[in-house]
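A, B, C and D are the chain letters, set down in written order, and residue numbers restart from 1 in every chain.
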């Protein structure tokens, strides 16, 4: 698997905030087509790494490559246009706009006219939000907001989907359903990188897992390898592992 | 039509006008002055002056038997209000003449409108001079009247090294130019010239700059309430040089408002202030205080406005109508004069500016006023000499010494 | 709405999620108002017509501010800078060229373009520097105050462009009004009926044009980035470009106001770019209702007429009443007074129709 | 000696500009930095302090007490306004601009109507002293000293007193503070009152040196804003150094190129600083720590 060009790669990535070293020499590879989970205790640098990948922070040192091309200092929107998409932890939707309008804005770069309307309709059905189409997005329930954002993220037809705690605040049933959607997307060829705390969910979807600790890559492997690693258990125990 | 009448009625209510004169067709005067905003300090008296003159004239039978009616608007020290209301008085209220404007900017704002509608506007303010416009009559003093008297006196008395601080806009810059030229003509030297943006209120640095070169006297051409903080600050830094000004005391009565001795040893040329000690002036003041007992001060602009109404009366009576061409023919005769509270004044037909009695006022340690010198019949000569002749043509332009009329 | 079939593109764009008013009722009302506005000069005197032209002049700037503030969430305190820049441009160009051969109209166009270019420069600096929120307001305010202070000291003869003197604080005058060439007999547009129709036509064009723009993809992105800029960027939109575009359009509209104002009064001064002037557009838009261009349009006209009436009849209390109006608007009708009235009537109407049905 | 007196003259000018900026800005900085409110009525609190101070002085109260009285009255007026208006707008920062602008219009014009177009001044206390070619106002040194003392006082207030700590806690974590039983409404009122009171202090201190007119607040407003923007949200890491830097820039430009250069230089500095450090000096010093 490691012989093909990785879809995403970081080389010697570092980020300092003042004296704080929050990303430490991260060398990370993501192969096309895999579902990869990023875990680690609170403050391990997962969110910062995401922000570096998305271009919301610029790295202090190191390089980021997407499909072999350097994107280290590219602005966020350009990365999105290359085929990266993201779902934030706190639902990133347009609260003051109506639900169908949210989807229209996500889709209008790709589609127009009748095709746009048809795709909105299809997504509304897929996300089970048809009844709420004319509601303000801010008035949706938490779960519905999460779904709407996933819908918006997916509607870009990304090659790589970044998910920041996609199941936060969801019931176990919703969590499981989300896992199935992710796997379905993956089956269509979307590579997935997810930050996740819920180990059951990680077990459900992840093919490989990377553990971050103090900003550095601490361990990497399949979920079983990681669970079997005593050192990983130790850093989590220190933090209260659930 | 009710809308239009209200302000007129208000004006008349103030004047207590319910006399049988109302039967005659009245002559309407528009009054656009800043009764609120930045300039209100110096302008409220102008409105009072016009009201006082109007009341006297109406009590005395009006102009040719026709009563005067005032249409008064508050222009809020805002140029756009002048544009709005000048159109309103000319187009809607159809006034016969307008008394308008404090700042030069406001005058320039309304002047195109007066020209468009062929109105007749009185500008009753001291200003930087140079307006050559047949539709304007200026009763305020201009730099040649104030500086050709003031600067030679100061140089003779205190010395030839002069430092000017002036507000950084048209009035200040043009006045400073006049000072520069007159100082040079009299063999003096400008040791410093500093321009202060309007609205600046902190002067420590300026005070130091003055101390560095030690002039014999300072010409202060500061304008606006923020800039007048200079005097207090100069005093507290112990800068006690004699000062000369064309704009203080006579307009903003700073000697009454500021604590003595911050204005001590200031010399001002003005065509009127309430301290002027002549019988005409005293009678005038008495009438004024009877009608407006709370008036803080009667300044030169207030007197200009008062006398302007009488000048208008004289011109209309001599012309036999309010028609502007007829009035201008009267002006062209060259003897439109009157005995005003300040003394005799006449309208110069070439520039339609006014000759004045110029008083040199000196502010004492206790801010009392003395008059070391009085010049009679000082003419607004510059525009006419430079080539403005409104009896021949009407360029409707403002000229400056560095941008005079082209002579051909 | 989501499944409404696409009608003619233009029609679809004239109404949509970003603008109030749709359907036959609204558009017949619109035509009625337009017709009334067209025949109005037949029944009014020259003063009223000219005065209305004066009010219309300012509306362009208000609509521009509504575009960036109401829709884009960018509060610019400095729109009057572009107003002033375009005004001075119009003055300089027409004083040098004269108004023959339609040159005053060319000057009007160029003045708007120059305002747009300056806005592009300043906007590039701001948006590509990722400056936003109140800081953007302060920078734009500083910019306009720099312009004001600079222009205020240009009284000297050295400040001359061609034959046009900038003339400092006293302001530049003497430029010709707009003039339409007409078979050797030019029509000079003094603030009266002719100018009224020209400005009315411009106003209708700008209003409809903005409706189309706001309901287009561009408008969608604009409201999206007001709501959640991060998400908008993460949908692949270069939000800086959208902000800059909106800012430039808004500034060109402010410029249009400025050039028209200058032509209207044949006069422009640095005070047009001062602190008080800078606050006025914000007041109009806030009181009218910044969330929608129709309420902004109506609100601006109402506030302008109201403030003028207050000044005429309220004398020195006018400014106090204006201040009170602002505070009350913000507290009682945060979306703006006109918007508040619209919402209230819609609610009452719904309740009424519901009761009628049951 | 000539050099020394020139040097002192420059330092005196820079210090004078610094004091003006600090005193004008610190109230604004607290209200903006801690509460996120853009207070365009800041100048009118200054006006309030100045008028109260001048009136009290004329009635025979010693100047230091009058200044404090001015600050106190402005502070109380500020707290009342916070209750009536500002309180409802905490979640709408842009609307505070509109509302405070309205308040400013009411206050300025109301003062003109009620108290007339001008108030008589009280005269600057203390005398002058001479150094080299120059003489200096002693009161200006008092202003510089007061500016420094105000900064120290605020630092102690926010780090050493119960109110300061509660205020910072409330403003950083309002929900947490509420849960802990802090009367957050009162804290907001007091903080706004403190900002208004500092404005009143500036007004009182400058009242003897300026013309007292209803529009006098506007002379402070623009420079106060520039200082706050250059400084950013934190008063100690932002406003104070910003005032120092701007004071030097302004004094230098004014002394070499005149007042206009000083004014325009100040505004251009603000634009450039914001471009380079979008969150002001303090944002830059604390950059990205959060």
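FYI, a contact is a pair of C-beta atoms (placed from the backbone, for glycine too) under 8 Å apart; a residue touches a chain by one contact, two chains touch by 3 or more.
If you're wondering where the values come from, they're calculated on a predicted model, not measured in any experiment.
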Determine which of the two chain pairs, B-D or A-C, is joined by the larger number of C-beta pairs in contact.
-> B-D
Work out the mean Cα position per chain and let me know which chain is farthest from chain B.
-> A
Chain B to chain C, mean C-alpha position gap in Å, rounds to 37
Any idea how many Å lie between the Cα centroids of chain A and chain C?
-> 43
Rounded to the nearest Å, the gap separating the Cα centres of chain C and chain D is 34
What parts of chain D, by residue number, touch at least two of the other chains?
-> 109, 112, 218, 260, 263
Chain B, residues touching no fewer than two other chains = 36-37, 168, 195, 197
Of all residues in chain C, those that touch chain B in their complex | 45-48, 50-51, 54, 149, 152-153, 155-157, 165, 167-171, 173-174, 190-191, 265-267, 269, 271-272, 276, 308, 311-313, 315-316, 318-319
In the complex with chain A, residue positions of chain C that touch it = 1-6, 17, 217, 220-221, 223-224, 226-228, 230-239
Within the complex, chain D is touched by chain B residues 36-38, 40-41, 44, 168, 194-197, 199-202, 204-206, 208-209, 211-212, 214, 225-226, 228-229, 232-233, 235-239, 257-259, 262, 296
Once bound in the complex, which stretches of chain A touch chain C?
-> 54, 56, 75-78, 80-81, 85-86, 88, 92-98, 100-101, 104-106, 108-109, 112-114, 117, 120-121, 124, 133-134, 152, 156
Of chain B, residues touching chain C in the complex | 3, 6-7, 35-37, 73-74, 76, 78-81, 83-84, 87-88, 91-92, 104-105, 107-109, 111-113, 116, 168-170, 173-174, 195, 197-198, 397-398, 400, 402-403
